[in-house]
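Look for subunit A in each of the two complexes below; its partner is subunit B in the first and subunit C in the second.
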Partner chain A sequence: MSIKWWPWGLLSGICLLLLAFFVLYPLSVLFTNSLRGADGGWTLGAFARLAADEEYREAFVNTLILGVTVTTCTMLVGVPFAYMVARFEFPLKNLVALLPMMTIVIPEIIVGQSWLLIVGNNGLLTRMLAERDIALPRFYGWTGLIVSMTLVYYTYIYLGTLAALRSFDGALEEAGLSLGTPPLTTRFKVLLPVVAPAILVNALVVFTLVAGNFALSMLLASQVPLLSVMTYNAFVNEMGGSPALQSAMSVVAIAIVAVVLFVQKRVVERKVYTMTQGRAPAAVQVRSWRSLLYTTMVGLVVLVSLLPLVVVFIAAFTLTRGPVMWWGQWSLQSIERALRHAPEPILNSLQFASMATLLGVCFAVLVSYLIIKKRSLFTQVLDYIVVLPLTISGTVLGIALVQTFNTGWLILAGTSAIMVLAYTVRRLPFAVRNASSALYNIPDSIEEASISLGVPPLATFFKAVLPAMRASVVSAALLMWVTSISELSASIVVYTGGLETMPIAIFRQVDGGRLGLASAYGAALVTVILVPIIVAVKVFRINLFSTR
Partner chain B sequence: MKTIRQLASSLALAGALLAGAQAQQVVLYSSNNTETIETALDVVRKKMPQLKVQQVTGGTGTLMKRIQAEAGNPRGDIMWSGGFGTLGAYKDYFEPYKAPEQASTPAEFRGPNDLWIGTNNHVMVLMVNEKQLKGMPMPKGWRDLMQPQWKGKFALTDPSRSGTAYMLVYGLLRQFGLDGLNAIARNAVITGSSGATYKGVATGEYPVGLTIEYAAQEFVAGGQKEIKLVYPVEGTYLAPEGMVLIKGAKNMEAAKAFYNALMSKEVQEALLVKHFRRPARADVNVAKLSGLPDLKSIKLFPLDQQAAAAEYEQLVALWGRAVAGARK
Partner chain C sequence: MAAITLENLVKRFGAQTVLQQLSLHIPDGAFYTLLGPSGCGKTTLLRCIAGFYEPDAGRLLFDHDDVTRVPAHRRDIGMVFQDYALFPDKTAFDNVAYGLRARGVARSELRKRVDKALDDVGLLAFGSRYPAQLSGGQRQRVALARALVIRPRVLLMDEPLSNLDAKMRLQMRDVILDLVREAGITTVFVTHDQEEALAMSDQVALMDRGAIAQVGGPEDLYATPNNTYVADFIGSANVVPVAVLPEHRGARAGEALRYRLGEQLLEGRSGGDLRSGELTLVARPEELALAAPAPVQPNAVPGQVLRRQFLGSKTVYRVRLAAGMEIFVEQHAGSASRGFHAGDAVQVLLPTHCRVVAG
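And now, the complex of A and B:
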């Protein structure tokens, strides 16, 4: 393949350089540190120590088990949910079909602590049932991890499956039926092969999210060793730990997810069918007991996954004395305290997330355009590097950035730049995915027409391609903004004085046992996140979670 | 959005005005929780209204490592607070200072060459959740918990994850020898952070927790009736905590003034009354102000803090073996 330098070759080169410096370089620092002995020589000692550590081996196995279990559960919830929404009409469908997106938006740290408020050992429900001599299973440990993570992450499966079902060309199914294949067989032979890759791709995303999960693991898994928690603890170890050990742990965490993503790229993505101009079969109106059943099932899932949001607002207005919550007695003191101290972290969150969104979305649009429309050797490399941050859990990314940009000619540690960098790098793969999906749907002919009419390539990009992408760029931006605002695991590692964000403030309150105050902060954060979304969706009619 | 932007710009303006009006600012590194820091700052602000304090909070270990990593270009000015043993391990990074207020603190609670000053004393207690005892007798001391019937009934923080838990385990080893340590390791549920221990007792996860006095007392004062504090009959251990100035601090003068203010009787009394932090100062009447017993009336088993720090690696390894032995 020959490379034309102006303009796309040059831009590809610049993108590659930026990614190399801010993604590959920190990772390479991490890798070298993991192989450095105390005397400065090369050694595999850190890995040997990990392999010999019984608790670490247990954590390794636990992480895999948890990843597989939660991924399975999310598929069991998400796929039928999407199928019901895509194929049937039932009462309240439009409302409940949208609500699962809320779970992506609510910070995990809030979800985790709310579950504890409800079903923790001293939780509302636990105590209510205990009075009737009913003992709930302990929520700490496996039960809580699986339940809470499933209820957060099923959304990814739901959205992915829904998109695939909606882009599925109904004509194919009709063809099968008209050739005399029974309906059920048609579904298995025609619908499943088309939708399955989409489900799998999202299942793998869920697996990586579970493996790297920090907030929920930290809150619920004090007795279940998990890699993400151990890695974080190695970083904050009270008496100082060895950088080689931290790095080795990080490398292992990356390796697990890298294997999974490699499988996705190699095996699954090749099977993805793209359907152009497909028309999904119309949803079937269901009546009587079936409509009731569907509404109840879907409604129940949504209700349970949104319960944390309700509890946060209740707890925010509940009377507290020190760490003790007085349920049923109301008070404004937590809210008042939160409002007094919240402006700084809220402003930080808004500022960092907005910067990261601006940078990330511009970069993502450019990169995905290069990858999809201007294929070259460069862009193939770009394609791989840009998804790399997916393999890095937030904690590991934070450690890598701190280890890299703490010394040397470019010192970013301790400045707001490192927060913005952490957000941008972490959310970049998602932004690229969003932008790419829009680009696939823009036929090359538009561009060719413009260029053949004498408009230069760059101008064509701005005048013809970008406007066609507008809707998905806006939704990518909003999604990136929202997920950045609730980011915790990377920012808690890199933040310093004056850079505290809302999720960090909440984490500190939860850690200190002040659930009332944490809830008040949480309520403030959720409000800050939801207002712009509601405005965007209601006033500007932006289809935030565009499923195509 | 517009109102948010207006709010943001007006706040930014206010910030700029404040910064212009006074140049005095201090970066505080602290392992204390936000409420405790706020209480101290509320009192300090009355004395030094023009001082602006930026906070970085985290575990003592995280902050110490941060101080070490930033030694070439310190970003923090003052660190409040860490166990004496931990401070000893990082003493190259501190600035000696003879604060005017230090006279009221007994010499045993001061660092060598005035490198640090004791702020408060942690006292180890048994925190008991009476509801969860379920027929078991109230434990009286460490020796009770070494008996087989207490297996799995009490929590103890992993000593490599918490400075106070480290002092506790060190004390057990000094007082009861390896046999005592093994007996405790055999029976205890090991938690990953000191918070997990006392929060676990409060929520009923464990009937008993070996933890810090102030943390347990917060639940008593908050009105959770089933929580009781037991001072072990065999004598308990002290873990004094201290505050340091960071060597090469950018705002040294302001930091010194702030250091002195944090040590003042007013601040220390406020911390005792609100958060049950037992001051290192000798001139505060603990029993009268907080309802906690005076230090003199608690039976103590004396420990050498510096020796405790020096034996860190050894003890952690010893403890690791004790726990591994108990699993088999």
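And now, the complex of A and C:
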């Protein structure tokens, strides 16, 4: 039998080459650099230096402690919240539908910034209380890190638990009751063991996100050494010098995630139960004080999640003098500065994100089509490589890209290409996942029907498959757009003068104490994120995030 | 329109051989059914004819054209799928028009032909609906119109009725037959439902583990099965082990012979090559009759009624023969013979046309 190289074999090969060159190769450069001494020979010297560095050891321990603490907190918030929503009916419950969107839509940098606007040194609440001689505990440090990260990441636990609870067969609980265990005991003995692995899978995801978190760590952890911050600082300090130390730190960061993923794959995922049948018990209407309590809790959580949006807009229109915010006095001066005098970050963001969206969506549609519909050894390898960027923190990815493409025959460092590349590679897994879920729902017979009607395979892809997955192409594009334009941790590593984007500008303005200008960029960022989403949902009636 | 010829077709998936040296001739214009249990290779065979699978060996001809290596989109086939396979983003009209557009049919003619095709399946008023707005039966009719409107050389149907409810299934049988007969198109129909196969087909090929067990008209398959597999699959049959007298083992298909069932020497007919292996008598429950133990009747064996089941139009008896095996006997409501009850001693009358087959 002849090998069917046209068209899918060829395209699989090209995709594989591209991914190998832009994902695998930079990682291999990173690993090689971590093992290369100043004289060019192989050495474990960089790792030895890290092990001997007391601050680095402290950062390592701190990162683990922070990861465990935040993960625990997200579970404490997310699990009861999911149980409440899955099992009870109460007023305003529909508001929770907003939550999954919040984490995707509101950039971390905006969340961090708005917390500083409220309880930072110059914050709204801090100042109001200071006038009454009440001193707030300092938000910078552990408190701020744990509070803000919990509020950013609890939705992962909430959504995972909710899905598990909704697929739980209610008859199991009834079976427990019929066998004589009281309701609460039944819940602990029957429900919890079935749902627990699903919660744990998501808890591990949260742990890796906390360990790799950049924006909140940089803004809030001035007193607490953390790995992601140290890695970034090492990169900044080593610019031009030997990249051994930053590479070694990156390798350690990758190793932490690899260990967690290994545990997830080997231990936890095998215990995840799939319910083949049965229905979740219907939600029970609650009354009186309980309904009031639940409604208040939902309202509070939604409010706190939405707060950053409100605060950023208020701050953007607040009068500022230097680092001082004149709360209550309105002014257009920050907005005017951002739009008129320094619009470069806005223009850059729009340009890079739209290119990354275009590239990413085309590539994601093609790759997920190959992976799902044209299974072969090639495409299985593709499947593995394409999700790889999920396991690498943005900082590490950025460092790998800079180290790889600042020398050699292909120099991208310093050009806008490297920004687009960083966006595309980092967000590709999301777009692929989105396109894949649509393709799973398109039966193979659609394609065969088209071919049987006389349309060649490649034309069939464009005429039958692509139109059928149109809705998810649009939602993949939106997701790609939203996540690219708010990307910070990789782009701040690869950017150079003239390539500043909105998140980078916000970060630098906040760092320099210019909260007003930062808020103006923040308001602009939120606007370019929200407008396409509202248009898609309202005008095109696209059910965003339904697959999550 | 074309006759389809398969010559020694072999298809393997990894180490598993799904089609073993399969040869078949499907005459021009026939309604030809591939019948068999799941996993017998009938769908694989259909997909080889369609061109979605490339056979590992053998040849496939449409009339005299060798199409073995021709890609699916150039074979000029129409195919109807089990799950309908309508394009979800296109209206019924656009679904039907899809193949014509690919062939570059002019606009005015396209409109005419699509409307005619939709009219033929009774859906002219539904052209602007999307698949999601159609019922299962309507979707299947759009799929049929889409396959027929391009006037393909052969029509291939893969279990097209299995996703429909019982009533709609009966209705669709007629719709399909009417359209296919009118078009005079060679049709290969895959099903696991023997009733469907018997009711619709000119010819049926019953498949067993990647090979053809028997080919014939519906009546032939029912009345003269070649072996116990065929007898068992088509309708229901009592399969009773018997011993054929040595001098009759050479009897050719249809010839009379004598066989021994337990103590009894009985008369029957040969179902083909009986020279080797286990031999069995094939007797349909409705061919058998019960009688009181006395007087002794010709070509009958004694037995005892174990259970009587009244089913309205008929009564089914489970009877243990004196030789030890159990068989079923059906008595129709209008039958003149009297009823029996559990525990009654009876004679089972075996008609002399009952066949003895190998395996």
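As a convention for this text, the second predicted complex is superposed on the first by the 391 of 548 C-alpha atoms of A that agree within 3 Å, B and C clash if a C-alpha of one lies under 4 Å from a C-alpha of the other, contacts with A are read in each partner's own complex, and residues count from 1 in each chain.
Methods note: a contact is a pair of C-beta atoms (placed from the backbone, for glycine too) under 8 Å apart; a residue touches a chain by one contact, two chains touch by 3 or more.
Predicted model only: the values in this text are computed from it and were never measured.
Q: Looking at A:G513, would you say it contacts subunit B, subunit C, both, or neither? Reply first, second, both or neither.
A: first
Q: Which partner does A:I446 reach: the first (subunit B), the second (subunit C), both, or neither?
A: Touch status of A:I446: second partner only.
Q: Is subunit A touched at more residues by subunit B or by subunit C?
A: Partner touching more subunit A residues in the overlay: B.
Q: Could you look at A:A464 and tell me whether it touches subunit B, subunit C, both or neither (first, second, both, neither)?
A: second
Q: Look at A:G454 in the shared chain and tell me whether it touches subunit B only, subunit C only, both, or neither; answer first, second, both or neither.
A: It touches subunit C, and subunit B stays clear.
Q: On the A-aligned overlay, A:G13 touches which partner chain: subunit B = first, subunit C = second, or both, or neither?
A: A:G13 sits against neither subunit B nor subunit C.
Q: Taking the superposition on A as described, I'd like to know which of subunit B and subunit C A:G141 touches: first, second, both or neither.
A: A:G141 sits against neither subunit B nor subunit C.
Q: Which residues of subunit B touch subunit A once you look at their complex with the stated criterion?
A: 1, 4, 8, 11, 27-29, 33-35, 38, 54-62, 64-66, 68-70, 72-73, 75-76, 86, 89, 160-163, 166, 189, 191-193, 195-196, 198-200, 202-205, 218-219, 221-224, 312, 324
Q: Looking at the complex, which residues from subunit A come into contact with subunit C?
A: 1, 442-443, 445-446, 448-457, 459-460, 463-464, 467-468, 470
Q: What part of subunit C is in contact with subunit A in the complex they form?
A: Going through subunit C, the ones touching subunit A are 50-52, 54, 56, 71-74, 76-79, 81-90, 98-99, 102-103, 143, 146-147, 150, 156.
Q: Contact residues on subunit A for subunit B in the complex?
A: Answer in residue numbers: 54, 120-122, 138, 140, 222-223, 229, 233, 235-240, 320-324, 326, 341, 343, 347, 350, 406-407, 411, 414, 495-498, 500, 505, 508-509, 511-514, 517, 532, 535.
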